[in-house]
Each structure stands twice: as structure tokens, then as C-alpha cells.
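In the two complexes below, chain A is the common chain; its partner is chain B in one and chain C in the other.
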Partner chain A sequence: MATDNANADGFGEVSRVRGIVFEYLSFGASVFGLVALGVLLVYVAIDAFDLANASPEWLLTYFLTLVVPFLAFCLYSANDRGVTRRALGALGGGLVAVAALFTAVETLVSPIPRLNWQLAYLFVVGAPATAYLAYVGSGGRVGAVGFGLLGRLVGGVAIGLAVGTLFLVFDPLLWFLAYTLGVLPAVGLYAVGRRRSTPRAQTAAAPVGLAGLIAAVVLRDVVSTYPSDLIIYLWTVAVPVAAAGGLLVAGRRGRTAAAVVAGLPLAVATAGGFLAAGAGLPAPTVLLVLVLTGVPTAAYVSRVVDAGEGLAGLGLPLLLGAGVIAGALIVEAWGVPAPDPWLDGSFLTGAPSRTPTDAGLYPAIVGSVIIIALVAVLSFALGVGTSVFLEEYTPESGPLGTLTRILQVNIANLAAVPSVVYGLLGLGLFANLLGLGIGTAVTAALTLSLLILPITIISAQEAIRSVPDDLRRGSDAMGATRWQTTKNVVLPEAMPGVLTGTILALGRAIGETAPLIMIGAATTVFRAPDSLFSRFSAMPMQIYTWAGFPQADFRYGVVAAGVITLLIILVGMNGTAILLRNRAERGS
Partner chain B sequence: MSNTTSDDSLITTEVQADSNDDRAASAAETAVAARDLNVYYGDERAIDDVTMEIPEKRVTALIGPSGCGKSTFLRCINRMNDMIEICRVDGDVEFGGKNVYDTDVDPVALRRKIGMVFQKPNPFPKSIRDNVAYGLKIQGFDGDVDKRVEESLKGAALWDEVKDQLDSSGLELSGGQQQRLCIARAIAPDPEVILMDEPTSALDPVAASKIEDLIDDLAEQYTVIIVTHNMQQAARISDRTAVFLTGGELVEYDDTAKIFEDPEEQRVEDYITGKFG
Partner chain C sequence: MASSHDADATGITRRKSLAAIASAGALGLAGCTQSGDGGDGGDELSGPINIAGSSTVFPLMSAIMEDFAEQHPGVDPDISSTGSGGGFSNFFCTGDTDFNNASRPIQPEEEELCADNGVEYVELIAATDALTVVVNPDADWIDSLTTEELAQIWKSDPVQTWDEVRDEFPNEEIERFGAADTSGTYDYFIEAILGEEGHTGDYQATEQDNTIAQGVSGSEYAIGYFGFAYYFQNPDQLKALGIDDGDGPVEPSLETASSGEYTPLSRPLFTYPSIESLGEEHIAEFARYFVEQTTNEDLVAGDVGYVPATEETQEEQLQTLEDAIEQAQG
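Up next, the complex of A and B:
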């Protein structure tokens, strides 16, 4: 038979056609998906920022004052001639190519709506090149310092705003008592126990904390005079954050550095808080943002200055800030026609309205942030608890083992149940049966937690299962109880995987609309929720409502601004979570 | 294995390193004793009616072909077999004047008195310091942790190599260092017995010989029970040797010198000279 082959004298040839076809088909499919999504996002961004009306002079001004200095910074940090040459080539060549192609398509095929060649250049060449250079630049010492500082500034503001938002619904007076009577003594005991190596103080921490919390709940209505909100936040958040930052720095770089790192931001934040109160701004939020931004930034700067490397990177935030201001000044001075973005300060801080220009997303943002925070805590705690129980505590054989397997199969099936069904369950169970109220924030949070719980459980189980058995046996053989092994060895090892699963699941929860409609969430509310039991709306609900309005401005501009806000908050949340996870991973 | 029997020793290695001659000679108290011990995995018998007394502060080696139940026997002593659901133990294992399989014995408390070192080094993905301090932490040790960590690392002949990097991860060490870290971890809570299941079989010869030297030192303070595949190793480091053969049968148990020079049983001689197993 072998002689039938065409290539009888060699090894012959093996056909790879199917593999090659498969390879190109999958490549094509994924590229198509990404390009489609990319085009959608470009149009949404153009609508949200009204870029279609941006004049070429306006684009050029900001390109020169903001983008060019940033690119120069990245190139300086990368310090690589090859990269510089390629970057300049891509930016210059891309300009010619995009302009030529764009004009050709417009004249030969059909005009492209709401896009001109300058914008096309920005999105097709400018944005990817900037992202790539930022990535390359962050590899250099200077770039790493610059992005590290920028990250702390932006992250601090984001976390400060988020915490400020959460305090809108949590009773600050109760928190004040709980912190003073429970949290502070417990943490203090634990810290002293750790420092002096006295486990008795450490074990006493939990009961003392619990007793304090109970006392706080009991005393909440007994105590009649409380300090002002600003003092409460200063005492319960700002001072501890500054102290923690100072302690961290003191351990590594001595007392003076610690005093500066803790004291300076605290002083600035306190001053800012009182000034804001005088100016009628939300003082607690200002205080929180300033202290949560200031302390990490100060600690980082002190570390960089100590290390003495990449100091130039500390100038990056200044460079960008100066770019924005210079751009604004030039635009102002020369009367360059500027776009009028839908997504602006008043959109983020205003309430919904019947006129598109006045419409704001603030109540829905607050609603979403609160719900997501609750969902994150609930689904993480329940997910980790259940998966630890299923993986570490249940036997594999016997009646209990069978029961576990049945549970396991059902959890997997629950992950596939449509979200509307969960909405129905939430309506029946939480809203009606438990009386948590129709369309309230708790009902929504519990329903969404239930919705993503199967996903969190399954991914946490996967992470726990991937911890090598060697480690468990090692800990067991040391005379650790099951709980000690789980807590000290299994969970720290599994945590990055557990967090990854939770983050992905949260991304799903933040965008859900169907279950919210089912539990009777309002499509529009005009005031931010001020307790867990107030009516709320969430960002996707509000966006969906706007999309149904007859005015085109709503359907294009306002919806686009809402979508971009939702995406930014989602990316910010995931980014923060991923950064924290990576730190945890490196720390262990 | 070469079976040149030019002298009266059955294997070429010098039996009994000089340092433990004196230990073998003098009689010792019994630290661990098995009586009529049978172990089953489901219906399969892995240990067949074993009775033996293991002396205190000596190195006792368990040798035999693979699958003959050495690890199973070792795991009976600290009740690690409890973790295997299909495993059933019959008979007594006495330790500290008590049968460890009595209903009032808490296996977790028992394991705190018996350290264990595994075949594959398994340091926790924590710092070197936290690895060694692990047993102290879970037992709520009230004294000076840092001092204990230092003593244990010295006891495991690792201190000089890691004293400047106690805060770096235990996983960054070489295989041999990791195994010594595991030994330091096992001795930190000051157990009475140390069980070792082929502790050098995953290591290169140089790292293995360091561990062998270490085991010799450990026997000053602890009862060491070591499973090994390597007969020269058993001959070099142990005072007493138990030979298990297929089916979990304890065929001969005697002073190491006697086992390697003049075993009673033909099967043992065949095994040691490589004719069998």
C-alpha cells in the first residue's frame, strides 16, 4: 500500500489543512468580535464627549499640550532608540495612511457618519500607540514611578468617592459608636498581641470587638449628643488611615518620614474638610478623598525619594495637569470652538431630568455603587464559606459524600438559570416574604448576590482544589486542626483565584437589568438613596430608560454618556480589585 | 546494587557510621511500640500483624520494596492514616504510655508531639521565618518565637545559609534547603518523635548526604523513624533496621549491623543483596 503514496521515497507529507483552516477561522472570528466592539466603543465615546463637533484646532491643541508630552515622557522612560524610531514612524506613517484611506473611502464608497479623518487617526493610531508606549514606558524606572504615583492619586480619589458614597446609606452615628467601642479596641488588642507575641491578647481581640459592636447597637439611641459628621469621619477614618500609613513607613524609614507621611495629608485633609464645609460642599467626602489620596501618595513619594531612582517620574501628574490647563487656556484665549460633552461634571452630580442637557446620573451611580459594594461583600463571604465547606470539610464517600455531590451538581445548574428567574426569586423571597421591601437597595443586593453566588462558589472551589495536597498534609502533620490548615495554608494560597472569580462575577452583576426590573427597582429616581431601604435606581436601569425617550439627544448623547460612565466605573472597580489581588499574590 | 561480599558485610558500605556506635550498644527505653497492628485499605491488607518496639533517641530505619507498607506504618504512628477515608487500623500503637488509637486520644494533639517530614519537600508558600514558626503559631506558643526559629534552623543546619533572608519565601530555596527547612519546621515545636518518609529520595546526592548528617545529629534529642529505599543510607545512619516485605509483613527487625551483616532470614539476605525486590 505504501507504494500508492505519491512520495514513496521520502517520508511523505501529512495534511495540515484542517488545522490551518481552524486556526484562521478562530483568528478571524475573534478579530471580528473585537473590531465590532471597538467600533461601537468609538462611536459611544464620540457621542458622549461630543467629539463629532470638535474642531481640528481643538483636537490639535490638546494633542500638543497633553498627548505629545505624555508620549515624550514614555519615550524618555523607555530610553530605547528602536522604540522611539518605531513610535515616530507609526504616528507619522499612520497619519498619512489614515488620512488617505479615509478620504478614499469617503469619496469612493460612502461618507462615514459622525467621523472625520482626524478622529479616525486619534482612535485608530493615536490611542493604540499611546497605550503601547505607556506600556513600554512603564517598564523603565522613571515610567514605573510616574505611573505608580498616578495610580495612587487616581485610586485614592476613586476609593475616597466610593467610601463617601457608602456613608450616604450607613448611619454615621452607629458607625462612630461601633468604631470607638468595637473596632478600635479589637484592632488595638490584636496589634499589641502581635507586637509582644502574646497570643492571649490576639484571641481576646475578637470577643472584645464583638462586645463593642453589640454595645454600639444598644447605645445608638441612648446616646443623645454626637460630634458633627466631619469630626466623626476625621476620627473614624482619616486618623486611622494616616496612622496606618505612618506605622508602615515608620517600620521601614524611621520616625520623621512617618510623621510627615501621616501628618501632612491629615492636616491638608482636615483643612480641606472644614473649608469644604464652609463652601457648602460635601465636607466628609472631601475629607475622605483627600486623606485616602494623600497618605498613599505621600508614602509612595517618600519611598521613591529614599530609593533615589526614577525621581523624574514624580513629575508625571504635574506634566498631565499642566497639559490640561495649558490646553484650556489656549482654547479660551484663541476662541477655538470646543465640543460640548454630554459626560461632564453636571452629568455625574445631577439628577435625571426631562431635558437632555440637564439630565444627570448621580442617583443611579450612588445606587449602583452601594449595591455592588454589598454584593461584593455578600457573595465573597458566602462564596468562600460555601466552597471551603464543600472542598475541605465534607467527606468524599458515604451518605454525606453523596449529598455533597448532589449539591455540587445543583450549584453548577444554578449558574445557568436565567437572571429573570433570580429576579422573581428575589421578589418573592426578599421583597415579600422577608419584607425587605419592593425595589429597595437591600433586596437588589441580596438578589444579585444570589445570582452570582454559583459562579463565585464554582470558581472559588476551583481555586481551593488547585492548592497542592502536599501543603495540606504538611500542615495537618504539624498538628493543625482542619480550620487552622484552611485558614493558614489553603485560603492564602487560593485567594488570588478566589478573587479573580469574584471580580468576574461582580462585572456581571453590575450590568444586570432584568432582575432589577423584576424586584421593582425604579427606572428613575431623583434623589440618591439615603438608607438601605430607600428606593433606588441603578446605572443600567437608568440608561435603559433613557434609551426609550423620544428625543434623539437622549438616545444618543445622554445614553452614550451613561454607558461610558458605567464602563469607567466597571473598569475602575475591576482594576482596583486586580491591583489588590496582585499585591496579595506578591505578598504571600 | 553491587553484591560483592568479600568481607562479612553484605553490602559494600561501612555499616554503622562511627558516631552512632555507642548509641546502638546501650539499651534504650521504648518510644513507640506497635502491637498486632493490621492496616487495611478497603479489603486490601497493607500491614500484616506487625509488632515492634522502637527505641527512644535512636534512628530506626524501615526498609523494604515499594508497596510493602512502610509509609502506611509510618502514618499509623501520628494517625495521618485517619485522613484516608478507606483506611482502617486494627491493633495498638503505643506512644507515651498510651494507645494512640484509644477513643480519648485527639489525633491533632498527638501530631503536635510527633513531627513529620515528607518525601517531596513541602514548605508553605510563606517566608522562611513563618514556615519555621508555623507549629508555634498554631499551638499558641507563648515564648520568644524568634529565638525558637533561630534554634530550629540551627538544629536543621540551615541557619548559616538563610539567616540574612528570613523574610524571603521558603520556595526560593534549593530542594535540599527546602527539605532542611521542613525539618526545622518539624522540630520547632520540640516534638518527641520525628517521622521521615524517604526524605532524601527527591534530592541530589550532595543534598542527601547533608540530610543524612543532620539525621545523625537529630538522634541526640529525638526519636527518629525513617523510611528509606536506599539500603546504604539505612546502613549508614540507622541504629535499628526493620525490613518489611511485600504484603506488609515485618520480616526481620534488629540492630542495623546485624541485619546487614548476618540476617536470620534468607528472604532478607536476598532482598539486601538485590536478589529480590
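Up next, the complex of A and C:
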């Protein structure tokens, strides 16, 4: 203040230079990280999909058959002349600008490795323009329907694959008994109890379920004949999912529609499952994917048809599918040289290998998915438990209050402990002392849960603290007990914040390598783990190993494919969690 | 307007078809059942094989495991690259792994640790490696070093500039990249070159050959050493130095290593199966398969870049192994 006015009298002019400089410095700071990360991702994508060897004709073909129809769909949905004009201007102008700039840099400064101006155009102009138009397009009714349908298709496939992966390590026979004897009777009792409003049936549900679970564990080795895996999945997953979908629709539209929504996908999935079994494919996974994709899709289509708005959006998956097929046909017919991507089907379903072209990530993908699922459950339960206790049950003053504050400071400090130290803790405590085994999935999941626990606790505490005290007092005034207040008021209100913290923490856990090395997780396994106590490898471990291989193909192509897979799974996981959170937000 | 006869006929048909459906259903269900004991029938080999140890042996062992896993779908092998010493002290001698790979023989402290925990083992030779000393490909002023000069560069109190090593070398600081002290490569380098003098601490230590290669290709005055495989796969990225052990400089290659000319840096690589584990049939079978594969030139030399074992060595190893298996199973 004083310096500003040092050589001015009264209300002199105040220099704006500093303000402007500060603004641009902060702009630079925010762009720096994004640009660096963007360049890295572009190069990783180029390596993983072998785009450096993609001919311009190949890029053009798919640009015309896939990207252009998609952009047209978005523009049609947005139905806004201004947007259309700007989009076409940006795409056309960007083409000229990027080509000119790229050529100028290459001739004047130095050649840019593994990039050509077509690729640069796609990444610098094409990708942002597509993202922007998708955002604008989703605002329109048609676009919303199209993206909603696409989301359910992709999400259903992803969840189906994830559930199928989890069933690899859990004994399906035990699950069959547990479901039939425990889960089904308990849910049935609860539903009947709610329908007829007999509280006794509702209270009986939990003990009945528990008794059923215990019976299942006891009977597991006694019973000698079980249905085949496919029938188990049909009975325990596909039928309930279809029934749930049907019930949802029945509430809105009556029985016929419900029967169609539930029955059609179920029939398709069952047929698909048996066909897959005949063809030697993993039938249970096919069944799960089909039913978890089919039921939500059918329910969504039925809702859209009911609403009668934006029906054209239902064509979006067809448009994209047709684009892919048309592109493939053109490439095939005219013999356009296509790139040979590292990230392909055999990479995702194959085992690691010494030859780069045969190398696959499947066992490590399964390992990572299983660990993350366990970590999510463990850290959520432990994190929410701790934070509720610290926020709701501990006194704020007196000696106990001091103790709580000391505890708080320690939890905050734990967040800064290096991950290697947690690895040592896991090796000593879980692997050796508790005998859970060196390098097993359980040990890894417990170790990683401890690692991210401070982050989940702190963020859950913040979320609980931000619930207004008025709500608690209001609940108290209605005569609610502390447990009822916590359950009905505090937790629902805090849930979105709690989930945000958990999502961030899980993102860290999936990429950790150091603690896994410490607990002796395998560098390479050749089969997917088949129990929680078998040794496993995780994606970051396998990627790190490949990065050290002597062959250049491993260090560039295979590693890049692994990184992209890891990122896709991370995004899928976060996407699911964010959807859940948004739902919780809307609910509360 | 159906007659009673017709009605009868349809009745029978219906009953028949119901019976047919029922029997088909029963047959179908019979085909859709499984027994509760997992169903691992027959004498097919099955079970896990846990291996840890040297990062130098890792590519060879994992290549052999890959083939073995392909041939025996019931076997579930896994391997960790922990360094020879890390594998012995953290996993093998505590009884947690079935094999430990090592790029140098087991050391007395490790023998003691294994004995304390009652872990018995047998030593098998896996292949021969030629420890390779590399410099930047632009360094045209250097082609070879004598073992004494090498010791001057890497001893615990090393020379600082290149012209102290040899007068005609440039007056530039030496940048060193080498194996970390958990690595068998480090131990072997001390044994073969440095002896009592000990290894310098003034260098970039890593378990990753790739990091050494990156470091050396970054500076014209850098020097590094690692196993032969990396140089074999990327001969243009780095320049391997000839080593003069008194009989003139010899460059590292599969030929010079197997003929014994490349001294003192050609070294045997080992794997140590635990005798208790060899009692399990699938592990014994894997150990036999491993020894058989050590003479496979396509795999050992072509895919990985080590020197395959000779037929005689293989015979001896097989004999040692069979004795151990007999001891374990008999």
C-alpha cells in the first residue's frame, strides 16, 4: 500500500502492471502441468497404438467415418448455428494453422520425433474440439439420450467385466450356497416385511441371512454336486439383476413392459452364455456382461420411448458402430496400410512373454482389479468408521478432547509417511506376523488400505464437519438418538464428500509400486490369481519390469500399452465412483 | 369340434412331450452340474512355483517359466526380481520361495541364515553371462581398458578424471553408473576386478540396466557396467569396451564368453532350488525342464542374450538335481 502511493499525491494512479503480471503468472502455473501431462499422454498414446506408423490415408478414413459423423451428431443435438459456425471455423482454421506451424517448426527449429502434422492436428485441434462439442451436444435432448445410452452400454460392459474378474478369486460354489441360503431368504423376508409392513419380518431378515451364510460355509464341503458355473451365475446374478430392472420398470409402466425389459436381456444373455460355452469362451463373463449391459439399456430405452423426446439419440451407438465397420471395410478394400497397435485384444487377454508382440497384461489386470476392490471396501469402512467416531462421538474439551486432538495431528502426519514404510509394515505385520502370506492379494490390499487410510479419514472428517450443526440439533430436537442422527442426517449429507476423498485415495493406491515390492508381490505371474491367498502381480509392477527390459519394443510399445490400460481402468473406476457420488448428491 | 379320439391323441402327445421335455431337462441338468471338490482330476501337474532373486537371471528364468506354464496349464508360476541378495535374505532363506536366482554363488552369511531356518538347497548353473563395461558411442578415444585401469576407476578411493587412468585420455571427470549393492552383479564385479579394494560409493547405483544405459548414453565421459543381455539387444546404443586381462583386449560376445577368452568378467549365473520344494512333483519337473533348457541356444542366446550351458555342464547339473530330488522325495 505504502509503496504504491509512495510518489503520488492523494488519490494517485495505481499501477495495474503487477496485477496483470500476477494474472498471467497464475495462468502459466495452471497451464504448465496440464501441458506437460498432455504431451506425455499424447506420446504414450502414439506408442501404444502405433500411431507413428499410421498412414495419413488411414487417419483420414477413420476421421471421415467415425469422427465426422460423431461431430455432426453433436452439432445436430446442440442445434445452435453459432456453435456450428465456430466449430467448423475451428476445425478448418486449426487444420491450416497446425499444418503451417508444424512445418515451420520442423524446417526452422528441429524435426519433432514420432509426430506428423496430421497427428498433431488430431491431438491439438481434433480432440479438444470433439470434447467441447460432446459437452455442448449433451446439453440437447437428443445428445443427452445418445450419451445416456452409450454410457449404459459402456458402463454395463465395464461392470460386467469387473464382476466377472472378481468371481475369479471367490469360490463360486460357496457364493452359490451363500446366495441361495443366506442372501435370497434375507432379502425376501425384508421385502415381504416392508410390503405388508410387518416389522418382525424385517428384523428377522438379518439373523436369517447370517444363519444362511454360516450354513453355506458348513455345507460347502458336505454337498458334493453343484450346478455348473454358468447356471450359478445365471441364478445368482443374472436373474436378480433382471428382476430388479423389471421391478423398476413395473412401477412405471405395468407388467408387460417389465417382462420385456427383464426377460429380453436375460434370454439374450443366457443364449449368449451357452453359445460362448460351446465356443470355448469364458461363458460366465459373457453372461455377466450381456445381462449387466442389457438390463440397464433396456430399461433406459423403455424410459426414453415413454418420454418420447430425443428418440434420434438412440441411434448414436449404431452410428458409431457403423462408422467403425465402414472404416474397417474401406481400409480392407483399398488396402490402406493400418498401424499395428500394441494395445490390442491379445495384450489384454494374454500372459506376459519374452517376445514383445506376445506380451500381455491379463494376470496383472486381474490382480490390480481385485486389490482395488478390496482396498475400496476396506478403506471406506475403516475411514468412515474412524472419522464418524472422531467427529461425532469424541468430546471436544477436557482430557479426552486433548487426546482426540493429538490423535488428529498424528493421522494428518501419517498421510506424509513414505509408501515404502507402509510396505515394511505390511511385510512385518500382515505377511509375517498374521501369516497372511508374502505377496498375496490380501496382504497387498490391507497394506494399501493402511497407506491411503489417512487421506480417506481426513477427507471424510472434512465432509462430516461441513454438515451444518443446525441439522444435527434439529434431529436431536425431534427426539432422535445420536445413532439415528448419524445414520439419517449426518452420513447421507456427508456422503458425496466422503466418496470424493475415497476416489482420490484409490487413484493413488492403484498406481503404488513401492509397498508392493516390499511385501514381495510377484514381478511377473503367468496366470490370473484364483484365490485371495495366491501370489499376484499388479499393473504398475509389471509395467515397471517391462520398462527395464533390454528390448526397445518393450520399453516403448509394451510399456505404453500398459500405461494406457492402467489409465483406462483408473478412469473407469473413478467414473463409477463419481456416478455413485452424483446419485448420492441428488438423493440428499 | 374335436372328436374324443382326437382329444385322446392330443392328450397322449402332450403327456409324451411333457415326458420328453422332462427327460431332456434332466439330461441337460446332469450336464450342467459339477462336483464340489474343484475337479483337478488326473495326474496333471499342478501347484504354484514361487521364484525370486537376481534381476540378471530374471529374463532367462521368466522365459523358461513362460514355456513351462504354457505346457502345463495347472502350474501357476510367479517370479520377482529382487536382486540376488534381497532374494536370499528376505524370501528364500525364510522359506517363502521355492527357487532363488543369483548372479554369484551364495555367500557365507546367507548360507548361515538358510541353515538357521532349516532351508536346504542345491546349486544349479543356469547360464554364463559376460559382464559388459560400456561407454558412450561418441567416446572414440577409448576402446579397451585393462583390469587394473578398471579397478582404478571403480575402487573405493577412485581416480576422478580420465587422464589419471591413462595419459592420452581427456582431462574430464568420470561419471559412473553401476549396479546397486543388493545386486549380484555388484558382488561379482568386486570379486573379479576390485578384490580387497572395495567398490566406490561415488556412482549412480540402480537395479535397472535401462537406467545405466540412459546415463551412459547421456554423457561422453560416462562409464557403466551391467549384464551382457542389455548390450546384446541394443548394440548400437552403447559401446562395449574390450577388457585386457594381460593377453590383449577381448571384446564381450557370446563366443568369447563361452570359449573362456573373456576373462575375468564372464561369470556363471545360478539358481538355487530348495530341497524341500523339490519334494513336490511339479517343482521337481520344472527344475528338470529348466536344466534341459539351459542348452537351448534359441532361448538362452537368441531371446535373452546369455551364453548357453555346454552339454557336459548340463549332464552334471542334471545329475546333481536328480540326487537332490531323490533326497527330497525318497
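As a convention for this text, the second predicted complex is superposed on the first by the 570 of 588 C-alpha atoms of A that agree within 3 Å, B and C clash if a C-alpha of one lies under 4 Å from a C-alpha of the other, contacts with A are read in each partner's own complex, and residues count from 1 in each chain.
To be clear about the criterion, a contact is a pair of C-beta atoms (placed from the backbone, for glycine too) under 8 Å apart; a residue touches a chain by one contact, two chains touch by 3 or more.
Worth saying up front: this structure is predicted, and the values here are computed from it rather than measured.
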Overlaying on chain A: chain B and chain C, fit or clash?
fit
Touch check for A:Ala522: first (chain B), second (chain C), both, or neither?
second
State whether A:Ser537 touches chain B only (first), chain C only (second), both chains, or neither.
second
To the nearest 10 degrees, give me the chain B-chain A-chain C angle using C-alpha centres.
140
With the two complexes superposed on chain A, say which partner A:Ala552 touches: chain B (first), chain C (second), both, or neither.
second
Hey, is it chain B or chain C that touches more of chain A?
C
Considering only touches as defined above, state whether A:Thr349 meets chain B (first), chain C (second), both or neither.
neither
Which partner chains sit in contact with A:Thr225 here, chain B, chain C, both or neither? Use first/second/both/neither.
second
Chain B versus chain C as contact partner of A:Gly474, first or second or both or neither:
first
Return first, second, both or neither, reflecting whether A:Thr103 touches chain B, chain C, both chains, or no partner chain.
neither
Considering the aligned complexes, could you tell me the closest Cα pair distance between chain B and chain C in angstrom?
44
Identify the overlap between the chain B-contacting and the chain C-contacting residues of chain A.
none
Where on chain A does chain B make contact in their complex?
197-200, 203, 395-398, 468, 470-471, 473-481, 484, 488-489, 492-493, 588
Any idea which chain C residues touch chain A in the complex?
29, 31-37, 48, 50, 52, 55, 58-59, 62-63, 65-66, 69, 76-82, 90-91, 96, 207-211, 229-230, 232-234, 303-305
Footprint of chain A on chain B - complex, ascending:
78, 80, 83, 85-86, 108-113, 115-116, 118, 120, 122-126, 134-135, 137-142, 144-145, 182, 185-186, 189
If you look only at chain A, which of its residues touch chain C in the complex?
173, 220-221, 223-231, 351-355, 438-439, 517, 520-527, 530, 534-537, 545, 547-552, 555
